[in-house]
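One chain, chain A, links the two complexes that follow: it is found with chain B in the first and with chain C in the second.
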Partner chain A sequence: MGTRILLNDFEYFEPETISDAITILAKYRKDAKLIAGGTDLLVDMKKGKIKPKYLVNLMKILDLRYITKDKRGLRIGATTTFREITASKLIKREYPLLFEAAEAMGTVQIRNMATIGGNICNAIPSAEIPPALVALDAVAKIAGRRGERSLPLEEFLMGIGKIALKSGELLTEVYARSPPPRSGTAFLKLSRTTADLATLNVAVRVTLEKNGACKEARVVVGGGVGPTLIRSKKAEALLKGKVLKEPLIEKAAQAASAQLKPRPTSIRASPLYKIEVCKVLVKRALLKALERTKAGGAR
Partner chain B sequence: MRKFKVVGKSVPKVDALALAQGKPLFTDDIELRGMLHAKILWSPHAHARIKNIDTSKAEALPGVHAVLCYKNVPRVIHTTAGQGWPEPSPYDIVMFDNKVRYVGDRVAAVAAETEEIAERALELIKVEYEPLPAVFDPERAMDKGAPVIHDEPDCKYIIPVFYDPKHNHCAHIDLEVGDFEQGIKEADFVVECKFKTHHEQHCSLEPHTCICYFDPAGRLIIRTSNQVPFHVRRIVAQCLQVPERMIRVIKPRIGGGFGGKQEVLIEEVCAMLAMLTKRPVRLAYTREEEFVSARVRHPMVMWAKTGVKKDGTITAIQLKVLSNAGAYGAHAMTVMNNTCAKALPLFRCKNIKWVADAVYTNLLPGGAYRGYGVTQAAFPMGVMMDEMAEAIGMDPVDFWKLNTIKEGETSPIFKALSETGRGVEMIVESCSLPECIDKGAEVFGWREKRERYKKQSKGPIKHGIGMCCLVQGGTVPLIDMASAYAKMNDDGSFNLLIGATDLGTGADTVLSQIFAETLDIPVEDVIVYPSDTDLTPFDKGAYASGTTYLSGMAVLRTAEKIREQILGVAADILGEPKEGLRIENKGVVSGKSGKRVEFSQIIKRALYGKDQFQIGATASEFSRLPPQSFAAHFAEVAVDTETGQVKVLSYVAAVDCGTAVNPKLAEGQAEGAILNGISYALTEEFIFDDRGRVLNPSFTDYKIFSAPDIPKITTILVPSYEPTGPYGAKTVGEVNINGPLPAISNAIYNAVGIRLYETPFTPERVLNALKEKRKSKIKQR
Partner chain C sequence: MKKEIEFTINGERRKLIVKPNELLLNVIREDLGLTGTKYGCGTGECGACTVLVDGEPVVSCLTLAVAADKKTITTIEGIGTSENPYPLQLAFVETGAVQCGFCTPGMILSAKALLDKNPNPTENEIKQAIAGNLCRCTGYVKIIEAIKLAAERMRGRKR
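Take a look at the complex of A and B:
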């Protein structure tokens, strides 16, 4: 690793509107890189992993930084920081899953800088916020020269460092579906120290029918268990329509863990360990979520 | 015991304000005109011969001023260990060799106008390697046919000790006091286990940093972040083949050392580059370099066997040690010796056998690390004590108390062995360990928790507690020396010049307190200036926990000499005999006449009035024996039986460091050491690939504890009075790092019934052990 903070020289832009940012991106294409909090990007630049010629800072674009809700869900602007997410009363009350995931992320200093958009777009498999968002059926909103489009976040995340952005596009917003009534959620993270990336993280949601059976479930596992997070539709299918009892939950956890494909070279834990502990975390998360549905439907 | 005015008070650190204000105090905080930047090329191979190096392209790069490699640097075999002379470490390293012995070994160095140019120059150096087979496992290093790591003919010790580099055998000593086999025969229970400890990096906030330049007289100034400035002067002079008088070493403020800077790791290269270029040169490690090319705690494999009678008497102790020295043998023998010399005197046992080997491997070289071998030995011994207590059905608290050394007692180990070889007979004249055990257990709630955790809750989280006792002898007896010089100024203040090396530990403050106490002045009247080989008298440096104890005695003696001079002048002023006078609150008072004369009057008389002379003195002290500091540690853990995660919930340390000269700083030493120890026990770990490369050379992947991870740590200082130390003080720097491995291992056993003999206690290791336990239970049935 070099001694210098940043290995290469670059030109630096601070656009104040989304369209200005898009113009710059369109002009310099592959040579340009967006920077938000910089907590991932600067580390990669220091290591020399990437050497952008043009850096486009998004933090001066006021239109990208907000937390609002509408009838069906929650809109979070791409440059909203983790600190803003954990400080939002609205999120803590109505989207505790996002609160828990955001709080599990990094340290105070990192949360002050890091943005939700950066966490998604950096697309490392151990990122904290994507599993929580996928469990809330979140949609990624994208802006580019040809206007806006949106994509389920699950499809937006394509692999290690890979996202569904075309050249000249940027992520502007994530839209999380508000959990239906009788929903409960839970987020669990396993890591070596507080300031460590996840060895494993799990986000789940269960939504119950009036009669108590499971109407819908989401089981999402992250933490270097594959090229990106893994949503276990198998586990979800096992739960759907059933009354959630511990043996069934264990079966679902088993199913989710069977889908994991951790890299054998992982530094944080062996693949075997991740697979084994995934069962435990998914089970615990589901039981906790279920408990919360009972506690008056608070999610 | 007299009442103290300054000693025993938590006065603020003398450098605290400047540090808090971010004043330019550290090595790297200066910028010299024309300063060049040095960078080092590291070996990508664990073991290889260098067939050729072509540096021509690098030399031709504009901005490059010098390139060093084995071709243009004299071959001076030496040791990097910053120890007294003759060093008890093998001479097995040269500045640049035509062979590399681990990934991260030094190949070449460049000095250039900027770091960027230096880095580019490194890329232009062409090295032709002939890779050689490598050996990483210490248990395989002495096998027939194992690659010989030090096949150079000139490697040697300069003291008469065992050395067999042709078999990678870096050190060997064994000893027996009493009759071990007989002791085993007398035992009712015999316990035998194999233990393993792992690599650890010091992770000092400030990396190794050095700036070399010339003064107007052409003498070389070495400004360096180092624990042993006087040894730096000696060893750099040796490597550069220049007289010591040509070199001055200055140690500014230091951002932590922990043993990692008891080493001449970069100074000689930086100095050589300055000599060649006639320009100031700066060389600073990056964090990655700290991980791949500095020093580590020696990993060890240990076999322990002990016998115990039903009544709790330990009849026999055997400890066999195999230390992984890595590629070079700096500190290998002395660290190895401490697994006996400074660890085993804790135990009251007549029959002790110890067999120790250190071997070369193609991994990171070991070095000094806080604890220095005692950390390694305290782990097996602490666990064996727990096992023996269990075998005879005795509470560990009672068992430890029964079997640990008491005031007025001796251990045959003292005489048999010291860190460097020869031992010194001694009686432990101060020991509050029994009170430490009682107070620690009480504050921790030992008996109540032990009862409570007999019944575990149904869920997957189980709780447990464990304890251990610790000792660490301070200083290297008969070898270590410290000295001080002080002079009185016009206003009655004093300059105190000490060779001692404050690494951030607070030594400057503690030594000022000892000086102030002796002359009955406030600490503000002491202007302390440390660690400058031109200006301050010799000190062995900051290691073996010795600064407060040994440098403290030197300071005390210096102050006493000055006191005599002051009383002499006062006697002349007052016209009374010296014998009736005493020093009191910055003045001298006559017991008989009640007359008083101020220090400021006394010094004015000495400097300007009559029979003028400088009131000032120098004094030194050498270590006659290693004072024994003790501690009792208690850990409470929660073990998640489904994920294997271990969390330390609370930790209590009761510490006997004699008189705590500055209680806050002593507590800081204890807490820092404990935290370091917990982090080592649970998360810190080097990960190597099968070619000996470090896969996690950063704080992203090598996890040390940070603020939110810190459990509740309670430190209780339980005073004793060490007659050979300054105002009863002993040592406190190291002893507490030795507790977490055994205490946590024992607590995990108490919680879930698994013994962890291998470190660190990662979730994966815990989970596997739990599985093994379940399997063996099924087998039993």
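Take a look at the complex of A and C:
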């Protein structure tokens, strides 16, 4: 199938409110598909993998496009573009983890088009922003005919292309928790070229006690290491309550890499390579995050 | 069902009637006859179809024409002519940054978007700005040189 034109005909909607979008979704159900940036969906449609009869463009809904902060965290509307995330001074200053992950995604052109909600809902295991969000205990906010509900992002992502949205629902917001005081974060991506999908993504957060011991840690690995990202609670448990020294960090990195389940047919690297490289990247990320706990404001 | 859209392209207001599955790239090339914008991969990876929408580079092969309604679009034809080339175009020719030329329109538009915001970019910033534009001839060295040269000249002119 060629990629020059879109073969399939569809009816096109541009709702201006969330409730109008939900009404359209409820009416056409499985025949309707949501589009935001379109950088993944239109490729699949060109290749004939998806043939929606109704296409619902969310980009005219102003209520879905925002970056705001409240007392406990950061709200990002679902159709906020990657470009808007990397251009946000608030995110660069207070959520460097999200800035780094957003900047690691795609190219300038793709970041100008692609949205955070589209990236999450497309649920490809190599996505950059979900590991970073999970390291900040992010929550997915969902709207449907029966009202709103929330779900930890970790539970929202169920597998390759699989998310916890029910028919007629849409993702409206991701809510990332502000890192507590004495926190440091880091995001590292390994890929063949900057524009390529990740061979491996690592997002970590460490939060220290006043006495310097680790109060809480998050170690999240993505990039085709399983059906979705892997949060290593084993690595986190090893770090918790301890003073973070290099041998311990190495042990945690080892534990995280032992949890990976890359497919033998993985395109970008062999499973063995991913497991080896994970040890290195998790260690580097934890050391960087630890260093950043000392920086005070910058986390 | 067809939809009426209206946008400004290279400073000219255009009204068009398009099917919802029309792509901006094909409208630009076939309906408007502006063939400087190229069809490369069709999947948003090569950047040959790059145009500026409201000043920002996007891939027109993955943009629905209906979604370009009320936007401002710039293609390579909108920034300079053979008689009066844009500084980037001149620098590309002088530096030897053009070989087969297929990537050049997209490359120049990505570079323009960069220089409009950042008149004095570092080499790394230039590389990041054109990471979405593949060139299979030059190896990028001359392209980066050309962008630096154009940046220098454009800064000089503003002073």
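The rule is simple: the second predicted complex is superposed on the first by the 296 of 299 C-alpha atoms of A that agree within 3 Å, B and C clash if a C-alpha of one lies under 4 Å from a C-alpha of the other, contacts with A are read in each partner's own complex, and residues count from 1 in each chain.
Everything below uses one rule, namely that a contact is a pair of C-beta atoms (placed from the backbone, for glycine too) under 8 Å apart; a residue touches a chain by one contact, two chains touch by 3 or more.
Everything quoted here is computed from the prediction, not taken from an experiment.
In the superposed model, A:Y12 lies in contact with chain C only, and not with chain B.
Counting the residues of chain A touched by each of chain B and chain C gives the higher count for C. By the touch criterion defined above, A:L55 lies against chain C but remains apart from chain B after alignment on the C-alpha atoms of chain A.
Of the two partner chains placed by the overlay, only chain B lies in contact with A:I267; chain C stays clear of it.
In the superposition on chain A, A:T107 contacts both chain B and chain C. Using the contact criterion defined above for the overlaid structures, shared-chain residue A:L190 touches chain B, although it does not reach chain C. Once chain A of one complex is fitted onto chain A of the other, the partner contacts of A:N211 are absent, as it touches neither chain B nor chain C. In the superposition on chain A, A:V280 makes contact with chain B only, not with chain C. The contact surfaces that chain B and chain C form on chain A in the two complexes overlap at residues 2-4, 43, 107, 193-195. Interface residues of chain C facing chain A in the complex, by the touch rule stated above, are 1, 3, 19-23, 26, 39, 41-45, 47, 50, 53, 56-59, 61-64, 66-67, 110, 113, 128-129, 131-132. Here chain B touches chain A in the complex through residues 39, 115-116, 119, 284, 286-288, 460, 642-645, 682-683, 687, 695-698, 700-701, 703-706, 708-709, 762-764, 767, going by the rule given at the top. Across the interface of their complex, chain B is touched by residues 1-4, 43, 107, 190, 192-197, 199, 267-270, 273, 276-277, 280-281 of chain A. Of all residues in chain A, only 2-12, 14, 35, 38-39, 42-43, 46, 55, 57, 59, 83, 106-110, 112-113, 193-195 touch chain C in the complex they form.
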